[in-house]
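Encoded as C-alpha cells, the structure appears first; notes follow it.
When the chains are written out, they are named A, B, C and D in that same order, and each has its own residue count from 1.
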Amino acid sequence: MTPLERIQEVLDEAVALARTIGVGAPARYIPELANVPLELTSAAVLTVEGRLCEAGDVQDHVFTFQSSAKLLTLIGLLEERGPDAVFAVVGPEPSGSSFASVARLETHGPSPANPLINAGAITLCGQLQGTVEERLHWIGSWAERLYGRRLPVDDKVLASERATGNRNRSIAYFLKSNGVLPGDVDDTLEVYFSLCSLSGNVVDAVRLPAILATGGLVPGTNERVISDQTAAAVVSLMATCGMYDESGAHLLATGLPAKSGISGVIVAIAPATAGIAVASPRVNAKGGSVRGHKILRHLAHTLTWHFALPRA
Amino acid sequence: MTPLERIQEVLDEAVALARTIGVGAPARYIPELANVPLELTSAAVLTVEGRLCEAGDVQDHVFTFQSSAKLLTLIGLLEERGPDAVFAVVGPEPSGSSFASVARLETHGPSPANPLINAGAITLCGQLQGTVEERLHWIGSWAERLYGRRLPVDDKVLASERATGNRNRSIAYFLKSNGVLPGDVDDTLEVYFSLCSLSGNVVDAVRLPAILATGGLVPGTNERVISDQTAAAVVSLMATCGMYDESGAHLLATGLPAKSGISGVIVAIAPATAGIAVASPRVNAKGGSVRGHKILRHLAHTLTWHFALPRA
Amino acid sequence: MTPLERIQEVLDEAVALARTIGVGAPARYIPELANVPLELTSAAVLTVEGRLCEAGDVQDHVFTFQSSAKLLTLIGLLEERGPDAVFAVVGPEPSGSSFASVARLETHGPSPANPLINAGAITLCGQLQGTVEERLHWIGSWAERLYGRRLPVDDKVLASERATGNRNRSIAYFLKSNGVLPGDVDDTLEVYFSLCSLSGNVVDAVRLPAILATGGLVPGTNERVISDQTAAAVVSLMATCGMYDESGAHLLATGLPAKSGISGVIVAIAPATAGIAVASPRVNAKGGSVRGHKILRHLAHTLTWHFALPRA
Amino acid sequence: MTPLERIQEVLDEAVALARTIGVGAPARYIPELANVPLELTSAAVLTVEGRLCEAGDVQDHVFTFQSSAKLLTLIGLLEERGPDAVFAVVGPEPSGSSFASVARLETHGPSPANPLINAGAITLCGQLQGTVEERLHWIGSWAERLYGRRLPVDDKVLASERATGNRNRSIAYFLKSNGVLPGDVDDTLEVYFSLCSLSGNVVDAVRLPAILATGGLVPGTNERVISDQTAAAVVSLMATCGMYDESGAHLLATGLPAKSGISGVIVAIAPATAGIAVASPRVNAKGGSVRGHKILRHLAHTLTWHFALPRA
C-alpha cells in the first residue's frame, strides 16, 4: 500500500466512524445554517506533495466557511502589512473565553485577545481599506490565492447572518467605543458577514491549510503564495486560539493546529505533511464540529500526525 | 561547519545578544530568588541524537526549577495513571488569566484550567499518594528519570517559598473548598514548594525537554523513558499553556512549545530536533525570563526551528 | 430663624463650599456636554410642604438631565405595569460594575442588574410601546407629571449622544442578542438618547425627588401623582444603585438616596423631608458631580438629613 | 389597640405566615448548623422606646449569630478608630458578587469591597489588636455593649467552622498576599470563626439593631452606646451591602436595612422606629433566611416601615 493509499484508507475509516455520531446540532443563532442536511459529512486531505484524498459526501456538501475564513483576512493582512501592523490591533493570546465574548474586551481591552475570535476578526475587517465593494474584492483576490478560486457568497446565509447578528453588532460597537474599529460599523459588519458566507466544499477548503502545511507553497506546484513567516505565524495562532475555548483540548487530542467554523467545517494542519478539511453540520457548545473532531482524532492517531511526534 | 557546530555558533550568538538586555527583575514574592546574581545567563541545547551544546555561565549558574518542574508531576502522573485520571482533575485549556489566578477557579471551576498554572500543579501535587516524605521520594524518582539525577532541593528557596507563599495557600484552600484537593493542604503545599525548589543548572534542565523532543526517548541511548503519547500530550499543553498568559505570544514568536519558571528558567522543545534550556534571573510581569525569550527567539529564527516550518 | 431660612442658609453655604472645588471635568464621550460653562453651580431644595430654596446660578444653568431621567421611565412603567412586569426584565441589584458595563450582561445575564445603569434604562426604553414619536410623547406626559412640564429636548446634546453613543449601541445589541430587548434597536436608542437629552434647571429637576420624598404627592398641593409603593421602590433602588459604583460610598457619606447624571446633575431624597437637585458640570470617573457631592454632604451633615438618623 | 399591641399582632401573623414556607435548607458548608431543628422560627421587635415584642419559638431557638455578628467588629472599630481608619482597609460598595467571593479581590483588589462580606469582616478581624484571647475579650466587651451580655461561643459550631472553613482560609490568605491582612492568618481566622459562633436567641439579637434604629442609644434608657455617626454609617452599609447579592432585592421589598447570617438570622432596622431580629434555619442560595424574609416583608408592608415612606 502506498502512503497515499494508506491516507485514503484511514480517511475513509474516519468518515465512517464519524457518521455514527448523533450528538450536536447546527448553531441556532444563524437559522439558515440548519438548511444544510444534518447528516452530510465530508473530508479531504491534501498532502504537501499535492496529492488529494477525499471521503464522504464531498460533491453534495457545500457549506459556508464561516470562521474558518477568518484565516483569509489574517493571512492577507500579515502579507500586505506585516505582523507589527496586525498585532498593533489584535493580540496573540488565547482569550480563555467563548468566541463571541464582549466581557473580555471590557476587562482586558481595548484590543481583542487574538485575531481568530469574533472580535479579532471583525477588527481585522475594519483594517481593510475602501468601500464594502472594494473590501469584498480584496477578499475575492485572496480567496483566489488561498482557495484557488473566488468562492461565491451564499446569499441566504448572508441574509441570515445580517438578520440575527446582534451579538456581532454588540462586539463591533464595543470595539468602536474602545477606539480600535475605524470607519463605519455597518460596513465592516457587512464585510465580516460576507467573509463568513463564502461557500464551497472540502476540496475548496483544504487548499488553504495545505499551503500552511508547506510553509507557504502551493502543494504540487511549489508556487510560493505566502511567506514562510506568515505561514508559521498563522499555524501558531491556530494552535493556541483556533478552536476557541477548546483549543487546548483539541491540540492535546490531535496535535493538529486547526480553525473551526460554526457551519461545522474544521481546517487543520499536519506541519510539513498535509492540510485537512472536514465538515459536518452538527456542532458542540463551543462551535466545533463533533464529527469533524472525530475524523481529525482518527487521522492524527492512526497516521501519527501529532505535531510533537516524529513521523512514523 | 557541521550542524552541531552551527547550533553551537547560534547558541553563543544568542547568549551574547541576551546579555545586552537590562530590563526585568527577579519576582519579589520569593525574596530568596534575588540572591542569584542578576547577570548570570546560561543556555543548553540537547539534540535528539544526544549531542549537547552549552553557552554562558553554565557551571556558575545553579537555579531552582520553579514552575518548569510542574512538568515532572504532570509527566509522572500521565505515565502512572493515564490522561483520563489526570484530566479528571485539571483541564487542558489556556486560562486567559495570570499564573496565580484564583478568580478563574471561582468563575470557571471547580477544577483548574490546566496543569501548568499554579492551581493545576498544586492539584496534581494533591494527587500524589502517601506522606510528604513519600511524595518527595516519588518526585526524586521521576527527577532521576527525567533530569538524570535526584536533583537537590534548595533549602533557602524552599524556606522563602514557605514564608511568602500566601497566594499559593489561597489557591490551595480554594481548591480544597471546591472539592478538588484531597488530603492535608499544608502537606500538599510542602510538596509543591519542594518541587519548585529542585535545583540544578541548564545541563540538568535540558534533559527533560530533549526527552519530549524525541517523543519519549533518552537522546543518544534511545532508551524509552515515557510513552510517545505522554510526550505528545505534554508538548501540546506546553504549546497552549506553558508560558501562562504569554503562551500565544511565545508560540507565535518562536514556534517552540515551552515552560517557564519564575527563577528565570525556560525549557523549550523543537519537536524531533532538540530540547533547549535557558536561564537568567530577570523576568517580566508574566513570569517569563526576558533574556531567555531572546535566546529562544534567536535560535528559532536562525535555525528555522519553528514547529510549523519544514526543517531547513 | 425659621426652618426654611435655616435650609436656605445651609444651601448657600454648601454652594459656596462647592465652588472652591476645581477637580473633575465633563465626560468626554458626549462632547457637547463640554459646552456648558464649567463653573456653573446650582442647587435647589423642595420640602415636602412645598417650600422651595434655591442657590447658585439657577437661571443661567440649564443642563440635560441625562441618567437622572432614567427615573422617569422607571416610575412610569412601575405605575402603569407594576413592579412584577418591570422586574421581569431588569433586576434590583447593584451591579458591582461601572454604569456602562457589558461584561456583567455576559457573566450574569441575560437581564441587566438594575434599571438605573445604562443597560437597565435601555431595557426599559425597549418596553415602551409604539413608534419613537409615541414613546417620546409618553415621556413628555410623564415629564409633565413628574417635572411639572414637558421639558424640551436639547437637540445639540441629542445629536452628540447619537454621534458618539457606541458603547450604548453595544449594550443595546447585547441586550437584543440576550433576548431582552424587543423591537428595533435604533428606535429604542433614539428614545433613550432623547430621554437623556431632556433639559431644564435645578428647579425643574427638584420636583421629581420631592415627590419621591413625600411618598408620591406633589409637595404643597398634596396631589397624588404616583403610588407610595412606586415611590418607595424607586427610593430603594436609588439607595442601592442610583450612584452606580459609588452608591455605597454616597449613601454612607450622606444617607440621601440619589441618582446622578453625566451632565453633573444629582437628584437626592431626604425621605419625608425634602427633594434636592444639584448641578455642576465637573464629574468624577464614576460619573458623579464632584461639586454636587460636596453640596449633598454639607446638607446631610448640617441638617441631619441622613435617612438613618432621627430628624434633629 | 395600642401601637405596641398592633406590632405584636402583626409579628404573630408574620411568624405564622413564615411557618408555612418549606423551601430552603441549612448551608452545607458548616455541617453543625444542621443540628438546629429545621422548623424553629422566632422573631423579636424592640421599639426605640424600649418596648419588646416576641413571637415564635423564642426560648427554644438558640442560634449562632454568624455574619450578623460582623456588625459588632464594624461598630467597635468605627467607634474606636473612626471611619477613616476602617475605610482605609475595606471599601463601602456592594460587591456585585457572592459573600465568599475571592474573584473580586483579584479583579478589584487589594481591599475587600465592603466590611459585611466575608473578606471585609476577616480584614476587620485582622485589625483587632493583641493575641487571640485579647481579641476575643474585646469582642466580649462589645457584645456586652451591643447585645447586653457577653454572649457565649457555641463550641460545636466553632469546631465545625474551623473544620470546614477552607473558603474563608482561601480568602484570608488572598488578603494576606494582597497586603491587607497583618499578623498571623490562623489567629485572625480563629477570631473570625469565634465571632461567627457567638450564640443567643432573637431577644439577644434584637438589641443591636434597635440601638442602630435610635441612632446609637439603648432603647428605653436612652443611654448612648455609640455615636449617631457610627449608627448612620452602619445602617447605610446594611442598606447597600448587608444582604450580600440580594441587598437590592431586600431593600426594594422591605425598605429595612438588614444583615443576614448563614444560621438563618436576619437583623433589620426601621430607622427611628424599631430594631427587628428574625431567625429560622432554612436559607436560600444567597445565605438569607427564607422565613426571615417573609416575616420582614409582612412587618414592613403591614406597618408601613419602609424607610422611604412617612410613618402611617
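Methods note: a contact is a pair of C-beta atoms (placed from the backbone, for glycine too) under 8 Å apart; a residue touches a chain by one contact, two chains touch by 3 or more.
As the structure is a prediction and not an experimental result, all values here were calculated from the model.
*Asks:* Measuring between Cα centroids, what's the chain most distant from chain B?
*Replies:* C
*Asks:* Let me have the rounded angstrom distance from the C-alpha centre of chain B over to the C-alpha centre of chain D, please.
*Replies:* Each chain reduced to its C-alpha mean, chain B and chain D end up 47 Å apart.
*Asks:* How many angstrom lie between the CA centroids of chain A and chain D, rounded to a whole number?
*Replies:* That pair's centroid distance is 55 Å.
*Asks:* At what distance in angstrom does the C-alpha mean of chain D lie from that of chain C?
*Replies:* That pair's centroid distance is 31 Å.
*Asks:* Could you check chain A for residues that touch two or more other chains and list them?
*Replies:* Counting only residues that touch two or more other chains, chain A contributes 107.
*Asks:* Run through the chains and report each pair that touches.
*Replies:* A-B, A-C, B-D, C-D
*Asks:* Applying the document's contact rule, which stretches of chain D touch chain C when the two form their complex?
*Replies:* Contact set of chain D toward chain C: 91-97, 104, 113-114, 212, 214-215, 228, 231-233, 235-237, 239-241, 245-249, 251-252, 255, 257, 269, 271-272, 306-311.
*Asks:* Spell out the part of chain C that touches chain A in their complex, as residue ranges.
*Replies:* 29, 101-103, 105-107, 166-167, 169-174, 176-177, 185
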